[in-house]
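Two complexes are shown next, each including chain A; its partner changes from chain B in the first to chain C in the second.
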Partner chain A sequence: MFSARIAENFTSPTHGGELADPHIVLENKDPVCGDQIRISIAVDDGSITQVRFRAWGCATSLATANILCVWMEGKQLTDCVAATPEELAEQFGTLTPEQRHCHEIAVNLVAQLQPESVA
Partner chain B sequence: MSNLSGYFDYNATTPLSDAVKAAMVDAMEQFENPSAAYAAPDGVKTLMAQARADVAALIGADPEQIVFTSGATESNNWVLRSILECQDRSGAFVTSAIEHDATLASGKMICDQQGRDLRIVSPDSEGIVPASAIEQACQGDVSLVSLMLTNNETGAIQPVREVSGIARQTNAFFHVDAVQAAGKLSVDVSSLCCDSLSLSAHKFHGPKGVGALYIKNPDALTPMIVGGGQEAGLRAGTENIVGIAGMGAAAAEARARLADRTVHVHALRTALLSELHTRNLSFQVNGPSDQAQTALCTLNLSFPGIRAESLVARLGLVDGIKVSLGSACSTNKHSRHSHVLQAMGLDEARLVGSMRISFGRYTTRGDITRLAAALEDGLGVFQRLAAAE
Partner chain C sequence: MSEIVNKLTNNTDLIRLANGAVSQLFALSDEDLATFQFEMIKRSYAYHFENNAFYRDLAVCADLTPDALHTEADLAKIPLIPVSAYKGQDSHRLLSVGLTEVEHEMRSTGTSGVPSVARRCTTTVDGGVQSVYGMYREFLGISKGAGLYLCPSTEEIPEMGMIKALNMLAGLLDTHRFMVRNEQMIPEDAVAQLKEWDTFTRHIIGPPFLIHRFISFLKATNTKLKLDPGSLIITLGGWKRFSGAMISRVEFNQECEEWLGVPTQNVRDIYALVESNIVAIEDEHGVKHVSPTARISVRDQNDLSREMPLGKPGQLAIYDPTNFTVPGFLLTEDIVTQEPKRDGDTRSGQRIKYIMRAPVSTEFGCCAVNLEKKMDAQDA
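Up next is the complex of A and B:
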């Protein structure tokens, strides 16, 4: 039902929470299932230094939110902006058809990032 | 018996009891064909007769009124097909919105194919289908009325006895799906006044793949399978001897333990509700407020602000606890909520926050504390993760 990667990130999320003073906030809500993810991001000189998430949703949704945070942290903002849906899919591993909407939520979140997101 | 300490899904299925296993192992030595002419006092015919008598006794029927099937899904399908497809009856099919798909899906398919009038009656907000609503749906020509005795998701006991009178007044055939009641509640076909009643062995510690159909008047149904004349010509095919032996043993055991079981599950239910209150957990019970109208082994709960799918997954992955999900994960295009809870009119938050906990013979008081602690822990985790919402 859950891959080891999804299970681990769901049961032991490392990036849950919210930054007190984020530079960027990304939010997405799936219109059908209602899953909601909010990601707060701190950026220093074009580099993403810290990422945290809040989420309400299914197990896979929570797991992918954590994976997304881990993936973003330490990257250049421009690299995240340039990431393709396929690159994000690789982070999540194999998802069942019922879980694939979580990939779409992640793609929608990353699509909100702009190079000029941080002044 | 394997470790069952985290198992809270007895409405889905139950483990074989030791007595059932022993009966099935013994039956494996019975290789002869029950249709063969030779007879032995301890042979396969005796085994089948005993099993049939034990199943009949569980529901207050005569052995001649019991036909072994592969389970309640087959039994339900058989009744629907026999009454609606094979007989000269053109009236409506009346059933409820909370039936198992073995009734609802097959009924919809048959009625769609025939252009037959299908009347689906909704339950009230506590999951009970009012007899008055069935009566209203039974106006005019009605061929078949089918109602479950106990709902699998909420435990709501349906007014089957009252509905039997309504069906009789309309000259409709009256079928009862008793799969969640047999072996759990006292079931008496004479008292229920039904024409047929279905049950599955694996719901009361018998094997999977075997069940039965009670038929008040066996001439009332056309055969399910035609062939060698087994099961009084109603369901041909060499019998599943091992399964039938297991079902018979399970029925005898369930009947003997019924009073103890009732006390046991009542205590477990009371204990869990008490523990949840003590831990100040916020929840709602989906189902009848009156315990007298509830199969007490079933407790359907909604936790506000929580997606139960996550909670159920966490219980399984972190705590090794197995409960059933009311609403499964959604795909991109379709939300998949419980049709039972939807029919009761529950709002979206309550639907997605729902789970079914069902107790049984091997559930202990310690299991209840373990479940309550795991729920408290999981709810805390998800509330913190969603704190900004």
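Up next is the complex of A and C:
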């Protein structure tokens, strides 16, 4: 049911927590299962310098949040804005049908990013 | 032969065997059952101590290594995991197996909106399925008939503990239908379905508030139904409505008799917890019996190390040795009493009466309450 990638990111998350003074906060909740991810982001000159997450829900949701943070950190904000759902799906590997809602949460989170998110 | 028996009982197989022997365990004397439960819990404690670094640290802090568990009285020293820990971002610490061994996640949303997620490996799922079906057979005796489910389907709310547990009953029935769809229930359809099932013994199954809502419709339209000899009303979920008002159990029973033609002894409430494999189901006298594969302890809310005497309310603690995925030693947020054995009751084991959610809890109800809130908002 759980891939090694999901298991690793669930049991050993590297980006858990919350930034004290984030430039951007993304939040999304699945209305059916109640899974919820909140991501706080620090940006410097268009580059994402630090990302942390808080998440509630199934193991895949929690792992998804960590994977998303790792993927974002160090990227240009504009590159994240331009990312396609397919590109995000690659980060998570193969998900079972019961886990696919986590990909949707991730897509919804990234869709909230705008190039002008940070003045 | 004795060698084979020893092989089966020298390790966790004892617990696995117990899951399939609900009726046999209830037939033991109270002393023998308590001894058997102590042995299972002791083995479970040793298993989690061995396989779970987080829990081992708790155990060491509590100065309770597995070999220090000598008597039943020692069970009260076992470190308990508060159910709130199942909601945390760090809930991976609770696992005694790798996540890749987890087969199933079951959840309860609760009224705080934060889902509690209980993970089960194959062995734990096996045990839960066996013991829950054993309890259903022991107390409900269902093997045929039609089930009118006044709740959403598992298709609509997959992984939701309450619905999952009720849906397991459907496998024992000849037919069933879920009457809540898209958070709406049309009571006229429910009445029509009951009338259509005229060749089946009909049962009504769901959270109390939805059956209460259905009965309110029957009252408003002056529609008196007469279900069948052997029909059961089976409830699972809170008795407190989202508005905070309690549904009176006495009135509910009377209304089931008056409007559905089902006598009080056939109205059976189930207590269950998504984080545990145990259930407690009412017998024909309205007494809830706890799964004999586990033990409960009622704790003083002001001093959780102290056990309350029979009949005195306190916070429910559960020692569930059938959980091989996470330590099944739980401190719930439910206030209960442990009830004495009624004269003439032939079953051994423990009995509980649910009273309320603990005032300190961030939850005041279960996922059924959330559903009721949405349905009421749609009706408005």
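By our rule, the second predicted complex is superposed on the first by the 119 of 119 C-alpha atoms of A that agree within 3 Å, B and C clash if a C-alpha of one lies under 4 Å from a C-alpha of the other, contacts with A are read in each partner's own complex, and residues count from 1 in each chain.
Here, contacts are C-beta pairs under 8 Å (C-beta built on N, C-alpha and C of every residue); 3 or more make two chains touch, one makes a residue touch a chain.
Computed from a predicted structure; not experimentally measured.
Novice: Looking at A:A4 after the superposition, I want to know if it touches chain B, chain C, both of them or none. Which is it: first, second, both, neither?
Specialist: Only chain C; A:A4 stays clear of chain B.
Novice: Applying the touch criterion given at the start, work out whether A:D44 contacts chain B, chain C, both or neither, answering first, second, both or neither.
Specialist: So A:D44 meets neither chain B nor chain C here.
Novice: After lining up the shared chain so the two structures overlap, which partner does A:E104 touch, if you call chain B first and chain C second: first, second, both or neither?
Specialist: After superposition on chain A, A:E104 lies in contact with chain B alone.
Novice: Applying the document's definition of touch, where does A:E18 land relative to chain B and chain C: first, second, both, or neither?
Specialist: In the superposed model, A:E18 contacts chain B only, not chain C.
Novice: Chain B or chain C: which reaches more residues on chain A?
Specialist: Between chain B and chain C, the winner on chain A residue contacts is B.
Novice: Once the shared chain is lined up, is A:E90 touching chain B (first), chain C (second), both, or neither of them?
Specialist: neither
Novice: Which residues would you name on chain A as touching chain B in one complex and chain C in the other?
Specialist: 1-2, 7, 10-11, 13, 16, 32-36, 54-59, 62, 98
Novice: Applying the document's contact rule, which stretches of chain C touch chain A when the two form their complex?
Specialist: Contacts found on chain C: 87, 89-92, 95, 98-100, 102-105, 107, 109, 113-115, 117, 119, 157-159.
Novice: Residues of chain A touching chain C in their complex?
Specialist: 1-4, 6-7, 10-11, 13, 16, 32-36, 54-59, 62, 98
Novice: Which residues, counting only chain B, touch chain A once they are in their complex?
Specialist: It is residues 305, 307, 309-310, 313-314, 317-318, 328-335, 348, 352, 382, 384-389 of chain B that touch chain A.
Novice: Can you tell me which positions in chain A touch chain B when the two form their complex?
Specialist: Residues 1-2, 7, 10-11, 13, 16, 18, 30, 32-36, 38, 53-60, 62, 97-101, 104 of chain A touch chain B in their complex.
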